[in-house]
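Have a look at the structure below, then the notes.
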């Protein structure tokens, strides 16, 4: 019954997120021998100003 | 000092979320003998496209 | 498909945690009209030394 | 490689969040002897209606 | 800079967890075009008594 | 009412964690003008084998 939270800087397209959900679920299923239907993947998209890397918001590092 | 994070697919009304906060807090208080004023409940509403179930976004399963 | 994470200071008995899982799940089910079988509740028990309240570990506040 | 999630009621300005990211990262770096460039801080801004305190949404407590 | 938290019922072997970390990281890297070295995966192993499914701890469902 | 979760590779001493709780709480209080008594800091210590960096567990990178 694996539950996955993925935190990303905002930006990926709907297609990228859809393929990420599928590939992460398959990776979990394969490596843990867990049935696909039990896996949940929750994406948290974070604004660049709210994601701090090395003490700075990502919006200042990669403007 | 219980801290609760609830992750939901977006959609519930303001009244539903308000009653959920109250009922979950009471459930925690009752079962753990914890004073209500110490309990925090944080709701994370997740878009259907960002909540993966069995390898697919919920937006494809229940369009 | 609600997913709940509860963070507690360590200590509750197995019976308290079991009744908490049941009561929180019922509270979510009732307030959000969500089927019980879709609800997940994950308990994170935190040592007193690792739970900070007002700048101090709980182990110093309630020794 | 510390990873920090900060959950706030929505409202702080961009400048406040930027200084919070910097100061929290420095606090972690100093107290754990961890290099700044390894630290990540993710801010989750929560609407007042979705942050429950003592069984009530913050929007009812501090309207 | 994706950060992934995986919550599992305790039990997988060290080898299974190692291959899960690798495969999930590759899945994220591929689907989001994100460099491997920026990806973090944190595993939270949860005791069966602390993982509630449909209102019951997993320890009662699959004893 | 800020709630902070810090995820660390296991290892820091009790004194380091105590000073981290204090310094992070002060950093939050200062930057967000939030009263100390409302701040919570929860530490999640993660075994080296369960913390993946760039696709490998930290136990393999820094044995």
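In this document, chain identifiers A, B, C, D, E and F correspond to the written order of the chains, with residue numbering beginning at 1 in each.
Assume a residue touches a chain if its C-beta (ideal position, glycine included) is under 8 Å from a C-beta of that chain, and two chains touch if they have at least 3 such contacts.
Worth saying up front: this structure is predicted, and the values here are computed from it rather than measured.
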| item | value |
| --- | --- |
| Lowest number of touching-chain links that must be crossed from subunit B to subunit D | 1 |
| Both-way neighbours, i.e. chains that touch subunit E and touch subunit A | C, D |
| Which listed pair, D-F, A-E or A-B, duplicates the contacts of B-D in over half of its pairs | A-B |
| Most distant chain from subunit C, judged by the mean position of its C-alpha atoms | A |
| Rotation in the CA alignment of subunit D with subunit F, degrees, nearest 5 | 180 |
| Subunit A and subunit D, separation of their C-alpha mean positions in angstrom | 20 |
| Distance between the centres, which are taken as Cα means, of subunit E and subunit D, whole angstrom | 24 |
| Centre distance in Å when subunit B and subunit C are each reduced to the mean of their C-alpha atoms | 12 |
| Where subunit A touches two or more other chains, by residue | 1, 3-5, 7, 22, 24, 26, 40, 42, 44, 51, 53 |
| Pairwise chain contacts under the document criterion | A-B, A-C, A-D, A-E, B-C, B-D, B-F, C-E, C-F, D-E, D-F, E-F |
| Complex contacts: residues of subunit E adjacent to subunit C | 7, 44, 46, 49-57, 60 |
| Of all residues in subunit E, those that touch subunit D in their complex | 1, 3, 40, 42 |
| Touching residues on subunit B, where the partner in the complex is subunit C | 1-9, 12, 16, 19-20, 22-24, 26-28, 30-33, 51, 53, 58 |
| Sites on subunit F touched by subunit C in the complex | 4-5, 14, 17-18, 21-22, 24-26, 29, 36-45 |
